[in-house]
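Listed below are the structures to be examined.
Paired with chain B in one complex and with chain C in the other, chain A is shared by the two complexes that follow.
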Partner chain A sequence: MRYAPFIALAPFMVPAVQANQYFTTEQAQKALFPSATQFLASPVALSNEQRLQIEELSNVRQRWKEQPVWRAEKDGAFQGWYIEDRVIGKHEFIRYAVALSPEGRVLGIEIMEYLETYGDQVRQADWRGQFLGRTSQSGFKLGEDIRNISGATLSCRNITNGVKRLLALQQVALTAPDSSSKPK
Partner chain B sequence: MSPSGTHPIQRMRPGLGTFVEISAAGRPPDQLIAAINQAFADIARVEQLMSFHRPESDIGRINRSYGAIEIHPWTARVLRLALRLAQTSAHRFNPTVGGELVARGRLPDPATPFIPTGHADDIRLEGTQLQRLRPVLITLDGIAKGWAVDRAIARLRSCGVSDAVVNAGGDWRCFGTPRVIRLDSNAGCIALGELTNGACATSAAGRNAQDFPAQLIAGSEPVRYGQWTVIARYAWLADALTKVAAATANDEAPEVIRRLGGQLLEPVAPCQPILLDDI
Partner chain C sequence: MSFAVKRSSLAGVVALGLTGAFAPPFIDRAEADENLLGYTIGAETTPKGGNELYLWNTIHSGKRQGSYTADYFRLEYERGLTDTLSGSIYLNGYRHKYSGSPVPGEIDGSLSQTKFSGFSVELKKNILSPYKDDLGVALYGELTYDTVDSITGAAIRGWELETKVIFQKPYLDGQFQWLTNIEFEAETAKDNESGAVESAIAPRLRSGISYRFIPNWYIGAEGWVDMEMLNAAADPAEPGSGGWEFDHWDFFAGPSIHYGGKRWWATLTWAHQFAGSSEESGAQNRTDLHLADHERNELRLKVGYNF
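What follows is the complex of A and B.
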């Protein structure tokens, strides 16, 4: 282990906002359903009644009417649902994707985008200048530093609740294609 | 760009009660992704074994046990580290404070009789056989998360990754490229220095109701308010030493932490008294 404190320059302020994009939709689909050959966009438009049902089942509010959903298929065979969702925490905004099996099991979760907004976002202009000068001197790139913010305030409870909500949404509003269009 | 010329691959997933981010470089992308997936699987395994919240975990089983039980080698390893640190830190770090955390509503009630806190001597651990000599509740909060980070790092190394960071909600460890240590403070984000092949953890106590209860991990030591950042070779050690720092007087803390194998990074400004603005 080697630690080199920024002594000469003293610890300096860095922007409190960090955005990280991990996946585009296409990449996340591939990561969550690696063997799928196609993804059929089948966005769900929820009625007010369905939204209430979802809330009842999951204890989490379904805030929007439309949910982006894709059907993952491998050579025509249904593999599961790919759903994109977002949650807003106290300090963070998160876009994520969930893969659900036809039976409603969570196959995987991937964070697509994570935006952290810690502390006071509005900074003085001169402060920014100071930062830029010092980064170039200390030789580190903006995207490469580490988020080291007191861990406990970052809770993934929002995601847990989001996934609960999506599982309820599946029960309420998604039907596997095989059993969907039975006449009568 | 990493030294080896390949772009790092970065992934984040929920885990360990927080968000775990893994960034790796130095192999072709498909190998990096495979290595990252394995590292995430190891972290999930640690969580399954050592979460207080899961009744079926080793910790859940231990806390309901009456006689000796068999536990997973990983759990035994972390417990051994925890018990040893309890002894060497004069129980400033104490894995037997689960009862107190339950009593304060921090952890779920295991529905079994328990005492609030105990000592390392209350646990007999031989190989992977564990027995509680008194009904203490074990919690690996404050050490298991760091250890999970260490597992993930070991996995990435064994997969041939040459440059990586694993960050579990602010408890992180890196190898390869030096990484900048950033901290949140009342004044904003601050960069303290660069860390190479090491681990860093930060714990706060008393800043708001959701903060990690460092003071409770330390048992009945006087409650102090502030934020402690510790670097060490291993993430489990950095993680646990923040709790020791929180339970040690300001003037002694740097020396105590140094003796236990870590380095306390001095706060830039003296720790501010509590700001209850977040509640």
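What follows is the complex of A and C.
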């Protein structure tokens, strides 16, 4: 049988099932808004027009028609948006979460699930920290504004573009609660 | 007919098995140079310190008559020397099984043999990243020493230099890839029995696409056109003989499927010769295919393993 040797190798090649889910939604929410006392699910259903607007603002395609979003509150005061997203990795989707301030500033990101061979460094604080404080007006050029990780360039690019796209989504589709619930 | 240094080969399946069995515990390393297609390669390189083993088997079948199968085996070890430069070493081998004089006058009689043939060394340099610079570009060079004629199985002493300029353009966030290789080969070989020396140059254009239709799985298609110029040594008995002359051209295309996981990947490609030139007479090319240096069909399986 011509491919018998390959079959014999299969036990060595089957990837071990690894725990690559680093955060559940609740854990990521707590990590990104540690002082929040409540997360209110506010999923966004995007119209085609809104998706086009997001693409125009960010120059990144909005793949999803629905975006999971939560409002983070502390004792009833609005603290910001918690958004979960998926982007293309080399083999699988990369799941991550972004915290945005009411003014549209990145408060933090967490990688929730990463299944790629290389590039686990995207989970490290110094790489994620590059996004802190960025707004839709900031630069997001990989290799210039955001450091690249060798061997994981696709992951770095798509996470970077994902954050840029979510900042545009906030502008297009998220409305902050009235001023009475601004953070204290 | 050229001596056909179009290796693509090595045996060593068992060696890979042993390597896998005694591999160190998995560490988080790299797989940037993953082959989405069987023949047309991408512009990325394995990052610094990354190691990868490849196992190739290409089955060639279908000549003009009789029965003909040639397996090209190849075992490759690749290491990232820097983040943009990788180096590889290969062991190459062939298994020939044919009968019924598949190409009368060129491949006569029958043969059944499996032989280690030689080695290759390769360097690949990434110039532009497909994801940072939008269009990926890389340069590639490979030197091969062969002791077996890949087509006939005859004993030779041959050298081949293969160079490529590689282009890779991603679309849809990298879900869809377009790959193109412009290749140029130069080869020379001496037949051990007759002592005849033959040289050839062969430009080739390969292009293909690959689409990730579900996580981990890509489907693709690729094709290539190549031609070969021969420089046979002059025969003292025939004044004016020798010199460079056009030998043949051919066109192959076919589908490909690829699986990529965290530690290993595999690519299976089937390629069919759709058109080719005759050599000297139409009688040798009744099917409008070039079946002296190439075959009707090729089936290639590549498996890559990161450690």
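One rule holds in what follows: the second predicted complex is superposed on the first by the 119 of 184 C-alpha atoms of A that agree within 3 Å, B and C clash if a C-alpha of one lies under 4 Å from a C-alpha of the other, contacts with A are read in each partner's own complex, and residues count from 1 in each chain.
Here is the rule we go by: a residue touches a chain if its C-beta (ideal position, glycine included) is under 8 Å from a C-beta of that chain, and two chains touch if they have at least 3 such contacts.
This is a predicted model, so every value here is computed, not measured.
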item: First (chain B), second (chain C), both or neither touched by A:Arg61; value: second
item: Which of chain B and chain C A:Ile111 touches, first, second, both or neither; value: first
item: Partner chain(s) touched by A:Tyr22 [first = chain B, second = chain C, both, neither]; value: first
item: Chain B versus chain C as contact partner of A:Val87, first or second or both or neither; value: second
item: Contacts of A:Ala45 with chain B and chain C, given as first, second, both or neither; value: neither
item: Contacts of A:Thr160 with chain B and chain C, given as first, second, both or neither; value: first
item: Overlapping contact positions on chain A, where the chain C interface meets the chain B interface; value: 2-3, 5-6, 12-13, 15-16, 90, 118, 120, 148, 150-154, 156
item: Complex contacts: residues of chain B adjacent to chain A; value: 10-15, 17-19, 21, 33, 145, 165, 167-172, 174, 177-184, 187-204, 207-208, 210-212, 227, 229, 231-233, 263, 265, 268, 278
item: Contact footprint of chain C on chain A as seen in their complex; value: 2-3, 5-6, 8-9, 12-13, 15-16, 18, 61, 63, 87-88, 90-93, 115-118, 120, 142-143, 148, 150-154, 156-158, 161
item: Chain A residues touching chain B - in the complex, by the definition given at the top; value: 1-6, 10-16, 20, 22, 31, 90, 109-111, 114, 118-120, 123, 138, 140, 144-156, 159-160
item: Parts of chain C lying in touch with chain A, wherever the complex brings them together; value: 13-14, 16-17, 20-21, 23, 26, 28-32, 34, 44, 46-48, 50, 55, 59, 80, 83, 129-132, 170, 172-175, 212, 215-216, 260-264, 301, 303, 305-306
